[in-house]
Amino acid sequence: MEQATPVETAAPIQAAPAVHAAPPAPRRIDWMPLLLVPLLALAALPFVGSAPTWVTLTAAGLAMGMIIFIIASGLTLIFGLMDVLNFGHGVFIALGAFVALSVTGAIPEWIEADDLGRNLAAIGLAMAAAMLAAGAIGLAFERVLVRVVYGQHLKQILITMGGMVIGEELIKVVWGPAQQPLPLPAALRGSVLLGDAAVEKYRLIAMAVGLVVLAVLLLVLNRTKLGLLIRAGVQDREMVESLGYRIRRLFVGVFVAGSALAGLGGVMWGLYQQNVVPQMGGQVNVLIFIVIIIGGLGSTTGCFLGALLVGLMANYTGFLAPKLALFSNILLMVAVLLWRPQGFFAVTNR
Amino acid sequence: MLQHEPESASRPGSLETRDLTIRFGGHVAVNAVSCRFAPGTLTAIVGPNGAGKTTYFNLISGQLHASAGQVLLDGRDISSLAASARTHAGLGRAFQLTSLFPNLSVLENVRLALQSRRRIGLDMWNVWTRHGALIERADELLESVALQARRDAPAASLPHGDQRKLEVALLMALDPQVYMFDEPTAGMSVDEVPVVLDLIRKLKARRDKTILLVEHKMDVVRELADRIIVLHNGTLMADGEPEAVIASPVVQQAYLGQAPVEEAA
Amino acid sequence: MSENILSLKGVHTHIGAYHILHGVDLDVPRGQLTMLLGRNGAGKTTTLRTIMGLWQASQGSIRFDGRDITRRGTPDIAQLGIAYVPENMGIFADLSVRENMLLAARGARSIADIDTARLEWIFGLFPAMKKFWLHPAGKLSGGQKQMLAVSRAIVEPRKLLLIDEPSKGLAPAIIANMITAFRELKQTDTTILLVEQNFNFARQLGDSVAVMDDGRIVHRGPMAELAENEELQTRLLGLSLAAHQ
Amino acid sequence: KDIKIAHVYDKTGPLEAYAKQTQAGLLMGLDYATNGTMQVNGNKLVVIEKDTQGKPDVGKSQLASAYADDKADIAVGPTSSNTALAMLPVAEEYKKVLLVEPAVADAITGDKWNRYIFRTGRNSSQDAISNAVALDHENVSIATLAQDYAFGRDGVKAFKDALKKAKIVHEEYLPTSTTDFTAGAQRLFDSLKGKPGRKVIFIIWAGAGNPFKIADLDPKRYGIEIATGGNILPAMAAYKNFPGMEGATYYYFGIPKNPVNNWLVTEHYKRYKSPPDFFTAGGMAAGIALVEALKKTNGDTGSEKLITAMEGMSFDTPKGKMTFRKEDHQALQSMYHFKIKADPAFAWGVPELVREIKPEEMNVPIRNKR
Amino acid sequence: MMTRLLSRDLPRSRALAALLAVIVLGLALAPFLFPGAKALNVAAKILIFIVLVASYDLLLGYTGIVSFAHTMFFGIGAYGVAIASARLGPGWSSLLLGAGGALLLSALLSLVIGLFSLRVRAIFYAMITLAVASAFQTLASQLSEITGGEDGLNFKLPDVLSPAFQLSENPLFGVSLDGRLITYYLVFAIALLLFLAMLRIVNSPFGRVLQAIRENDFRAEAIGYRTVVYRTWSNVLAALFATLAGCLLALWLRYNGPDTSLSFEIMIDILLIVVIGGMGTLYGAVCGATLFLLAQSYLQDLMGMASAATASLPLLPALLSPDRWLLWLGILFVLSVYFFPTGIVGKLRAARLAKKS
């Protein structure tokens, strides 16, 4: 019996055994996109020339990618898996950042103290608060706005845009319309020097957080029926309910989780920019959609790779041809789609 | 007007497939099928589920493109044409899984097929009602499948059986040289089935169309078919007179047999 | 416990502005196979969907296994032990056959949790399921999809199966398998409510029968009675036509 | 008769926070110049607010509507340069005065200018020149970092033209939407690190993005300093990390010492519990300019009268004396060379006055080809 | 006559017919009914948006293609007129040349994008167009030599259309007969013509095929319609009409810049108008554009009054402050999705059906 073999997700046809007697081959890992990241980094080396500069750029690019991954990770759930075109995702990012602003503003001693432990505790606290707040607002968002438009892309765009505008305005009402500084904790300022290459300390933290998010998402989606259920629910909601699953509740939960991840992303992004503006959500909207398209709908790994590539490309083109940096994301997306029209690892078939 | 073309006795419409093959990854769904279908005959295609009947149709009518082999219509190789071009070349198709324009009215569904046949789809300047003959003809066709009562309802609101009939009406509207029916009566209630069978019978009686019919109901096949071909695992297993084919051990065992079929490795 | 596992009393259903069911009274005896027959558009599908809670009954009551389920949500109803095979099969085209089955087995966290014997039994009935185990279900042939839809409903034991036209598009050999399967299921105390157009198939299987027309039940009785009475068949189903006998 | 002043400004949209300051300043300016009566020559001053929403086309129609529908006599605004540029022809069509504050583009008083346009705000050249004056020494190598669009390039050009002694070794232009500055920083470092003498990165940046993050890449290890002009207080929070940084600013509430500024600071604390910010002073200057002009015409709002009165007019503002230059109606004004001090009492880096750069010291070119 | 003009696509509801009549009459007589610079501006903008939204509905409502690049074509039209007039000097030939060049560019671009759309799925297409549109906007502000960059372009029109031109000394019914008025009626006439042309297109056999493709492109192909061709045509036509709408915008504003015709906000406004009005019916564009632009233009004024009226209450004035008008616009977005699931037209027509049955 083949039942025990763990084989994940929709296998491409060629991987399936033509003869039923043979045990199914485990799904081959699709290495090509995974190789793209080191390939890109290596390819950039001769152009960049100096090794320390290359190290600086590569580290910065990877870390930027990680931060982008964190802010986009929530959207892989909401847009990639649940098929909700949530143009309001950015508002949760902004919310997370502003909550972090308030939290860190309330405990300046923890931020200013040159003590890594206390600094990290402060950031941790800010993250928890941001995720909580974004999750809670996400719940309301789902209830009031998204619920009525499941399966209707156009209306999703409009209603979530509306939600975004409302959220942004409410942020202005609560925190004021101005840009506000969100200083990095004392111990995270500055860089670690590796010879002549400088890697900002904060980026190291970002990498760690990004990897944790990736691991948690992969575990939850691949070790449970959750991912399957969401995909099935998108295709035929009535049938999933007829099988006895409370898909509504599940969707709410996923939406809340996605929003909370956006909140977390907001904290990371705010600290990365070292300031916050109510419009910050709108500013990253297109970027995160691009990342998810590149990665393939519903794929966490794809989103991760897409984000890393975007980060690296931004840094390499920014160094080699700054003019091109403006279009690097779009060029990357077009190139990827010409190669794989569905993105790196499309999990869903929409 | 075009839609009342004179009927000539020696109509074209001879269809041939040569070594037609398609692979999906490692799986060969249709395997080197060579066969010829002459105008004026009705050929039934039978075979177990997954034998490749629908795929064979898809290859002929252009929904899928073959990995190897050709489709010839009146001697002309049409393998590289798109589905729409094959329709204009004279191939018509009704689908096993009903495929309609769900939010358009029943009438509009049929009218669109007629409009396609008239090749006026790119007319952007005249108002559609200017082509009144199409509407009249569409009404006639609806009459013939007993759907005229639901003329203005959206296709999606029809019960399953009526949707199947509409599917057939669309094919009739195309009035092709080659008719391909894929299980036209599946899911149709017992009292409705004769309506469709009557249509096919009339078509056959004209003796100028090439008709291909995929059907699992052996009584229907027995009654209508001039010839039966059997597909099994993508290969052509038998071809001949209905009684002979039905009696052949292949069919008895692999298709009609009581025990589940052990498939060849 | 009552004799009837499911009973509908005076059920009315509206779809949008249309009044589809006009007071359906239907009893499904426990452990039996009940056929629901009727011409196209009679309301058979609507009846099944109303039972599942996919459409709300605007009037009347539905009781299942001693509980009133008229106003319950679909997941609740399903969890009480009802499996549903819809008319359009409800295949998750994007998911593989294996994943479709895994979702249908509500109690299983992975395929390993599914009863091996039961799985083998299904593979025996529908060999194609085993053969295309890892294929995307959307790529299956029409008949194979139908097999998958039925397989999903029987992957775990359920008290009641609601099945909408399972035989359409199936080759005779497979229909024969399905008949065996339903008989075997009955042995295990599973009740089945089956909508069917194929009267031959219905006749071989049904214990009792209900015939619908225009949103009402117009005849109820044992299958044997209808099977023998040609006059009744003609009147109810328009069955005298040679084409189908 | 009422004198209607329309304030057409970017009340909502991305510049909302700046615009609010201008509005507060304008009202305080009118208040101050009329001694709290809001009257000139017995004519009541009425301020109408119009929102451009930060969009040029809306600004254009709002200004037209102010002149035509609300019969405004004079208009003030807007915040963003592109909106201002779109609005200029409207003033000409309606033959009414538009006092631009605080949009900075040179073109407003340059080649897009018409005779109905006055400006109390400083222009890009003034900004750049004053910064150049502050940084211009022998043996200084400067690399510039600016946004890659007209505003950034013009600013760098004016800055470069004004330098006499220091050398520009590199100009870095980054997209306005840049979020990550590592690559740009690396290029800047590479261009400066071998150079002798003082090494400075001069930043001209407005809007989103935070170029000061490059400090985290530790430019000090190459002896590179960072310099920039003034900004609103929240933006100057980033300056805290650069004690000793030099540059020139348009306004900081602690710098000018004169009665007008004293009034502004005290009154602003009284009304808003906060110090006046970057754009508040400009708004006030605009208010004062209007009242002074109206006083000169005895409350006559005829455009020709006003233009004659305003050309060459000097008036006292929180920044000291300003004068509308006859040729292009640009108000010439002092700028302030500052040095940043990190003072824990303030949330921002405090600019301390090094030297007031008087208008006479700055050779602001006239570009309107009149 | 009327039915022929309307290509036999009648409003099919008395309330809708009345509403349309009011709107058309209102727009035709706007300079006289609603004097004032702002009112005329709003009226002209409504006209332009009717064309723009109708052209988008051709793509979205009729063909079922979601694109975010529609403002790109709108912008191309506006830039065409702006650049030609600014560079070649005011004149009719500049206008025509600008419009012609813009149409050509739009046709080419839409062809390329349209062909690309065949490679990818619907959502992907939407996202790609989103990216392309934002790239185009960046490009427009980067090429400041040509486009005037962020600052945009101010330009002059032929004399007859310039505000200074006076047709006659004495005003008619208190409205001065100046170049603005002439421009308004020029815009009105062109908009009307374009709208009727689009109405004709969607009610032609071609338009019917587009609907079939929207419903089920697979089946449309199977019954003999080459969907690639139809999709591409639909893309190109929509782009061309949007370009013309852009030309009208430039004509009216005598200014163009990236925020004015290329911004994503406009794209969202278009989407909202399509939905408020009713998708898949061009009359929706008329109702939706009128309602939305009136709301957008006067919301702030209304809120100013509301805020003043509630000044004594807590919190409410802060929320009603005109500065927060976007908040209410956002709420409008949400409410319109809630209450007009089928749009105004759908609602009015359904009301008629309900009454009949």
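To keep things simple, chains are lettered A, B, C, D and E as they appear, and every chain counts its residues starting from 1.
One rule holds in what follows: contacts are C-beta pairs under 8 Å (C-beta built on N, C-alpha and C of every residue); 3 or more make two chains touch, one makes a residue touch a chain.
Quantities reported herein were computed from a predicted structural model and do not represent experimental measurements.
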| item | value |
| --- | --- |
| Fewest touching-chain hops separating subunit B from subunit E | 1 |
| Chains touching both subunit A and subunit B, listed by label | C, E |
| Longest centre-to-centre distance from subunit C, chain (CA-based) | D |
| Furthest chain, CA centroid comparison against subunit B | D |
| Interchain centroid distance [CA atoms averaged], subunit B/subunit D, Å | 76 |
| Centre-to-centre distance between subunit E and subunit D (centres being mean Cα positions), rounded to whole Å | 37 |
| Where subunit A and subunit D are represented by their mean Cα positions, the distance between them in whole Å | 39 |
| Residues of subunit E touching at least two other chains | 138, 142, 326 |
| Two or more partner chains touched - positions in subunit A | 13, 15-16, 19-20, 172, 326 |
| Overlap residues in subunit C, where contacts from two or more other chains coincide | 127, 131-132, 139 |
| Footprint of subunit C on subunit B - complex, ascending | 24, 47-55, 96-97, 157-162, 183, 186-194, 197, 216-220, 223, 254-263 |
| Residues of subunit C that touch subunit B when the two form their complex | 18, 38-42, 45, 87, 124-128, 131-132, 139-144, 146-147, 165, 168-174, 176-177, 197, 199, 237-239, 241, 243-245 |
| Partner subunit C, residues of subunit A touching it in the complex | 1-4, 6-7, 9-11, 13, 15-17, 19-20, 24, 224-225, 228-229, 231-232, 235-236, 238-247, 348-349 |
| Of subunit C, residues touching subunit A in the complex | 52, 54, 73-75, 78-79, 83-84, 86, 90-96, 98-99, 102-104, 106, 109-112, 114, 116, 119-120, 127, 130-136, 138-139, 152 |
| For the subunit D and subunit E complex, residues of the former touching the latter | 11-12, 16, 51, 54-57, 60-62, 64-65, 67-69, 81-82, 85-86, 88-89, 93, 105, 107, 112, 148-151, 175, 177 |
